[in-house]
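Same chain, two partners: chain A is paired with chain B first, then with chain C.
Moving on to the complex of A and B:
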């Protein structure tokens, strides 16, 4: 046995270079991607501790000044609130709609088969383009949604122009673009569920609500968690829809962490001051997604009967 | 424990590496001035020649605009004429300045030439991103004898001249860019609608508000009296708003004890803002807060709005054959002033071309600058490519151009009446985009009723503006 091992080592040393390098070559893409992620990340941490600005030719280390200043700004706490409200409104609506529509589409018919194909269309449109289309649809002069509301006696609905309805408008666009993603994911989950427990429940005379509550929902939970993780992470960092719609306005109504960070960095050219916003957003997403992934693993085990 | 300590040391080492790299970048600044001397040396040999940089390739960054379209049309002629190869890129305005700033900050020398406005010069000149054109203009070997710089309106050329001292007005110091064209602010209106309602163009803001009351839904639901910009950026403040602000006797900043101090909460500013908010509420589009240049101009052209208080050229682009539904019905009048005001103050925006300080091809870049701001090119672009308002007097005096303008009722007359009072009305300072974006956001909040009074909103804005400029010390 020992001789065999020695033989094997000798063989390895005689192997050509490419064979010996293979493990490292296989790892290289992952390593490059990791560096590509880590380099900007550490750069961001470093510059958040400086007064770096595109406007000045030099910069200096300012310690935690940018961070303490950010925590003292009312705009920061407002941005946290907007980020949270937007994420809850969009993800909540998308999950509820996603589940409801997926359940409706899980029944086999020509119509549902067609709808499943059509549902992919919003996902193929870039969020910025979708927002521009919605801006046209909600335009008070020519918008089709305005004309629709006119039928019910509602004229000049303010949509994104008013602080009271801007969040609702942005949420509508987000739901229109991303709800199909949730629907498709849950639908895939529904179609992969085993048939026998449902047949057994039917034979035992279980009601539709009982079957949904005790069979469908628990077994579907892992898929719902995946959708929730993806959508919550993306909506917390939403930029494109809000920026294209109002640039964070009216006033500061939709100034979330992404838009505040971008505006401070690119419009005001204060990079050192903008990075704490972006890094705080990263931290929030990291902590939430860690919690959700742990929960997902647990739910997956439960759904698998372990 | 050991692992945590090792991680902290690794993190600090990485941060240290970045720190060293960045200091080196900072020290490199200013080393490219030798390229100006090289250009002068080449020109010294045989005097000014259009082919003195033949064989050189330059990169040009353009904003999507009729001015850029005119340049692109003429690039093949320029290449043939000078032997210089031009590689251009065009970017939509929404992201244009992000791209310019990022490129200039990289100090790679690319692009050699870029389009800019006067407000951007206040940032770029201070950051040493932009080449002073004085060494080129003042060298007879480098300046085309036919260039006639004094043909450019002094007020327009002067907006691109600045001494880099925040608080100091434009018009003195180095020339940082040369104008392609410019805009001043006036009232464009639909003359058919005015005739139908028996109205005359308003002379004062009070009259304008009264007209807005008359023109409510003048063409049924969806139509409204006056198109104004309202989106959350500086573009909302600099057109009609800033001109009216100055006409009410208000000012954005004053220099006090070597510091810039915001004056946006002065009684004049409060009165003006109250009237402006009234104008928006009575006459503006219900979607005002999302309105940019494009929506405001398009609504006048489509007949949705009866008036447009914006750049004269915004209305101009809605005229001409097939440009818009109301193309032949648009006319211009001098902007309405405050009660009792006689003197017209109009803000000014100019699109200009400038040279990257880090460019390695400054001679070729300078030839490009001269060619595309020359009298011949300006006339051609104004006549053939709608590149208005031309910055050269000779173009305005040209009979063909006058004939072209005659189709636009009141355009030429309004221009002549306004040009003498046209200048940049903002106080030059490098935080311009921060202070004006906050200004636009506050205006949106006031219109939305967030504050109990205009005074309260402007008091908060003043505090924000003072904080934004607190690092500026004027010696």
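Moving on to the complex of A and C:
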């Protein structure tokens, strides 16, 4: 707790109600606006127990039918698998690439200073727009990547149109957009590291790898956790890139929970049936984020040396 | 001698790897802008050398409603940021300066909005919006965009308030300034650079939003992220026009991002990393 908070908690009896209530009153508009928008979230649980459909005008209570039906659906388990694979492939590559590039960029030179500015460009571009750019790049009749691969004797590489390479293509786009996010965070961590332990290690003659493993990495952990939390939570529910790329196809190759929920609700108009999918997704994200945030608070303490 | 060779080779490897990554990160943008100037007929036959034309820009910006989508995007994104600043900055102040019951819980509740799956919010919201008659309106979009812009503003601006020494405030209060002039004349100027940066980043996030405008609007109001989809779906593909759509949607963000470089890491991490 930082020093110098205005304390409206102590001296209860002396303070008038309005002073005590002031922080709550100040926050009320912000909360009303956001909670107003989240109210439907709570109704989602109710509607997941009905057969509500955008096609019919009436609906009735069906109990757990939507839920049990979902668990028996092979499509559901497939969606879980795709969600996991996508999150692992994208977040994993972004963390590794992010750490590597951040380490390379941490050395001061004209080139690295310029690059630190330029690499934020992809990150600022909307994922949908990024997908369009990569569709142009990977297009087999006009795309520059096709021309490039031709040089190596590879013709008509299928990219997003084949079940074998669709995940790879989507991962490539995700990494293109979000790797700079991880780089920036880890780089900020590297630049905030204290100098003296590293000088001491150098004098002691520790190898570069030893210094990295025992000094750099532990001190970077809080920063890596922040990057991991943000990226994992977002990639578990990725919608824009997959939707713009193939709408979940080819076939059901890229149908993760978000896309399956969308398709069931908006394409098939089965609203009640679509909700268990997205509620499951929410539960997964909620549980993982709680675990990771707790872990982050822990490593922050350790890295801070307290 | 040996050490020198080693140092040189390390730096060669370093620069090669960085160059490769830079190519990966930047070439697609360069190429996208390049082919906006390429005519449909030259698209298949040329690579880097061709006769540049503004035809694609004319087609997209004058012959379609893409420019209208661009304006719509500005309206909903800046509207969303404005609302978030007006109600979020006082909330951030309360979280930074007051000690009260449930403070951290409230702060984390606001943060959790960011991690809520958008599609889960949208499904029920679609019904509510239809019932309230705010589906496909500026009001409706600005409202739902609060889930994107509000957590960012509150968390980042809270950090900037916490950075200000509370004694400055107390001194002003002792001098007899009322609370609102302390807030407006002393605190706000101090956090202004951070606030502007957070606002611009919130604007970028709102601008880039896709799922909300796709499912809660799309007929009367269309954002560029949604409008650009038409260029993917169309049967007669005009790749140059597709590139124009992407360029027009992307470049404002890239330029804004350059303005807020210094504050970017702090904003991106919601204040967790004070870069």
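Going forward, the second predicted complex is superposed on the first by the 276 of 306 C-alpha atoms of A that agree within 3 Å, B and C clash if a C-alpha of one lies under 4 Å from a C-alpha of the other, contacts with A are read in each partner's own complex, and residues count from 1 in each chain.
One rule holds for everything that comes next: a contact is a pair of C-beta atoms (placed from the backbone, for glycine too) under 8 Å apart; a residue touches a chain by one contact, two chains touch by 3 or more.
Keep in mind that this is a model prediction, so the values were computed, not measured.
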item: Touching partner for A:142 - first (chain B), second (chain C), both, neither; value: both
item: Partner chain in contact with A:197 - chain B first, chain C second, else both or neither; value: neither
item: Touching partner for A:281 - first (chain B), second (chain C), both, neither; value: second
item: Of chain B and chain C, the chain that contacts the larger number of chain A residues; value: C
item: Which superposed partner A:84 touches (first chain B, second chain C, both, neither); value: neither
item: Which of chain B and chain C A:206 touches, first, second, both or neither; value: neither
item: First, second, both or neither for A:263, with chain B first and chain C second; value: first
item: Partner chain in contact with A:43 - chain B first, chain C second, else both or neither; value: both
item: Chain B/chain C common contact set on chain A; value: 43, 47, 135, 139, 141-142, 266
item: Sites on chain B touched by chain A in the complex; value: 11, 14-15, 18-19, 22, 26, 29, 98, 101-102, 104-105, 123, 126-128, 221-224, 231-233, 285-290, 299, 302, 304, 430-431, 433-434, 437, 440-442, 444-445, 447-448, 450, 468
item: Residues of chain A that touch chain C when the two form their complex; value: 2-9, 20, 22-24, 26-27, 29-31, 33-34, 36-41, 43-44, 47, 97, 100-101, 104-105, 107, 111-112, 115, 117-129, 132-137, 139, 141-142, 144, 147, 176, 179-181, 184-185, 187-189, 191, 223, 226, 230, 233, 237, 239-240, 243-244, 258, 261-262, 265-266, 271, 274-275, 278-279, 281-282, 285-286, 289
item: Chain A partner contacts - residues on chain C that touch it in the complex; value: 14-15, 17-18, 21-22, 24-26, 28-29, 31-32, 35, 43-44, 47, 83, 87-88, 90-91, 93-95, 97-101, 103, 106, 110, 112-113, 115-121, 123-125, 127-128, 143-144, 146-147, 150-151, 154, 162, 165-167, 204, 207-211, 214-215, 224-225, 228-229, 231-232, 239, 242-243, 245-246, 249-250, 253-254, 256-258, 261, 264-265, 268-269, 272-275
item: Chain B contact footprint on chain A (complex, rising order); value: 42-43, 45-47, 49, 52, 54-59, 61, 135, 138-142, 146, 150, 155-156, 158-163, 245-253, 263, 266-270
